[in-house]
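Quick notes on the structure that follows.
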């Protein structure tokens, strides 16, 4: 009986240890290599690295803001209304989460490429092309990362009892005021989690960007693309890839921790 | 202050239908869960739209399906309180109450909130967050919030059902006091018969989406419109019988071999001799008499088959020894001991004519 | 720490990148080859196994730069066929191979979508608004492109303004030559710099734009056996590639003689 419990605990401890080891080792490897290589800091300050970091921060932030603006109403409708095709809409939102980002890249090409479904008429009418532009980077990130926000927002809205909105409306609050002052604050922690997920996913987006937006420093070369290129290049090579990876990890960690702190400070129990 | 309500719609498997009107009274909507009580409140608050209906409050038309009128909930001036209260957890008590005010920051708002805090015995709790309040305090905050705007009617959906019985007693008293002070009509949903009896001026009995009976509390309790209403309102004795004679507002029945005079009953003229009927008599109106006189009418001999004590009252199952039906009786502890009722003892039981109510038998009576 | 990290990464590379993590026995020959060699080497591999049935050839096709990094990280390669000498040098500098031999050459080519009229002659790549795609400078075909542009300038055939205009039109630096070709095939780019071999296998959707003689550079493809003591299979494979049979296959795929 007691020995069985000890065996159980030992198994759990071993599993936890194995998982932790597997989780920590790759990062330990990164840090060890970076520390060993005297050029790491210099590489981090290089124009390639700074350009990529700036572009990544800007595009992922824009993509996240767009995901919030476009995704919140969608999430609200799916969470609160019953309509024909609701489950289909739900499934469509999950699609980019399940598919590899390269599929999203191909899909974007077929839709917004110069020979694409809407890309061709848009170029004919307005003379605008999306490919190889920063806009294309944002589009790729929005398609791949946006669903993470929408999914979290749906869960957030569904977690709030409709009673709150009903009562608010009988208290004289219109739909917008009810949404702003009641539903948003109550769904807040889910929404913030969704924003973090979306933002970090956008920061890490590689496949769709590479396929749809291409790769040019300062225009479309985000951190993941720069890391890939550094890895393949003679000048930067693996040390460059390591330096850029460490930068990305550091920035992501700082923002994640900052957001956690903000979320925790204003958390209230229900 | 007055309102009228009339609405019908499909609701899941059955059809919702209700129509009633009242002045500044406390109307208790009573029935099992899913009977249509909460739907009535939501229709009144404008949170649901009926297929056909007309709802009016103090002369204002809130809903009129033929005129295509549907006033939106924010403009209805109804104070709606749900069972879970839905106090906004991210706002303090003051902010919760002020939520309903147009200008939430001004001096007028401050005064209004102060007044409501005082009215509901919540002085000093304005800055507290809802989660730090007791159950009873939360109830009072919800009521204060519902009253804050220019509320013309209170819609209370089982507001006390999540509380301890002791707290409920106090809050019921508080509600009655509020109603007297404010003079507002109140629609109060409950499935607790005692609560319904205590609070109601008028009673609306709901079952499977339909309003079965609406009237003054005592009328509904004493003269249920159907055996179903009688069952729902806790009438313990429903005795099938047959009309022998109808005379001057009184009816003579034959029930299980016993002759029973009933009435006076206003609708006695609707019955004819030979008709199958159901006689209803509440358990607490069944009389035990010491002198075993065997009258021809309204009396029978019965043995005490079961005697359960609930402290203040005893519920007793009686088995007829001769003619007449088996009965359930309720008797207070004091007369119980004075009479010396014991299991197995035989008593002469009287069913007073004025306490027996006669209804037409229903094919589907349950 | 370093030992653990190195071991772990080596295992990961082997599992993830070679596709089939088999024990290195005498019968197996693992060839790391530039992606531009994909079709030709698959054909050569089949011919090689036919004449040398004791061997089984496994390929890992990727950008030469990627392969060089993997080999230096101890990936289990027996042979490395690079699309340029620079990436071969990366492996040589790390002391991971002996003397390489140039086995074939690949010529730079300019491709445009067949149905596009933006780029019809070479000078159109400097026209304002044209979308030009090349491979990144560290990719052999990208390096070839940059060398060709330099050659145009030093030989006086085109001026600096032409080069600046082309640079301004450069919309993307792809990580491999197939990506450049796909851009052109999809019509996303108005023109792209690829290898003659890629043009040879591309369909009707792309057409070749003639380049000035000064820009028609080719890159040498060196091949080498990995390690201090090459396996017999590695040596046999390299010999086969350099033989008449191997060269015939390469020529049929658009490569030029070394």
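Should a chain be cited, it is by its letter among A, B and C, assigned in written order, with residues numbered from 1 in that chain.
Please note the rule applied: a residue touches a chain if its C-beta (ideal position, glycine included) is under 8 Å from a C-beta of that chain, and two chains touch if they have at least 3 such contacts.
All figures in this text were calculated on a predicted structure; none of them were measured in a lab.
Q: Without counting subunit A, go through the other chains and collect them into connected pieces.
A: In the absence of subunit A, as far as touching goes, the chains form B | C.
Q: Report back the single chain whose CA centre is most distant from the CA centre of subunit C.
A: With centres defined by C-alpha atoms, farthest from subunit C sits B.
Q: What is the identifier of the chain with the smallest separation between its Cα mean and the overall Cα mean?
A: Here the chain at the core of the arrangement is A.
Q: Go ahead and name the chain pair joined by the largest number of contacting C-beta pairs.
A: Looking across every pairing, the one with the most contacts is A-C.
Q: With chain centres taken as the means of their Cα atoms, state the distance from subunit A to subunit C in Å.
A: Distance between chain centres: 34 Å.
Q: In whole angstrom, what separates the CA-based centres of subunit A and subunit B?
A: Measuring from centre to centre gives 56 Å for this pair.
Q: Indicate the whole-number Å distance between the mean C-alpha point of subunit B and the mean C-alpha point of subunit C.
A: So the centre of subunit B lies 87 Å away from the centre of subunit C.
Q: Where in subunit C do residues touch at least two different other chains?
A: Residues of subunit C touching two or more partner chains: there are none.
Q: With touch defined as at the start, can you tell me which subunit B residues reach subunit A in the complex?
A: It is residues 42, 45-47, 72-76, 78-82, 84, 86, 88-90, 99-100, 102, 129, 131, 145-146, 148-149, 155 of subunit B that touch subunit A.
Q: For the complex, give me every residue of subunit A touching subunit C.
A: Touch list, subunit A to subunit C: 25-26, 28-29, 32-33, 36, 109, 113-115, 129, 131-132, 210, 213-217, 219-220, 228-229, 231-235, 237-238.
Q: Which stretch or stretches of subunit A touch subunit B in the complex?
A: It comes out as residues 161, 163-164, 166-174, 181-182, 185-186, 268-270.
Q: Within the complex, which stretch of subunit C touches subunit A?
A: Residue list for subunit C touching subunit A: 1-2, 4-5, 8-9, 63, 65-66, 69, 73, 86-87, 90, 131, 133, 136-139, 170-175, 179, 183, 186-189.
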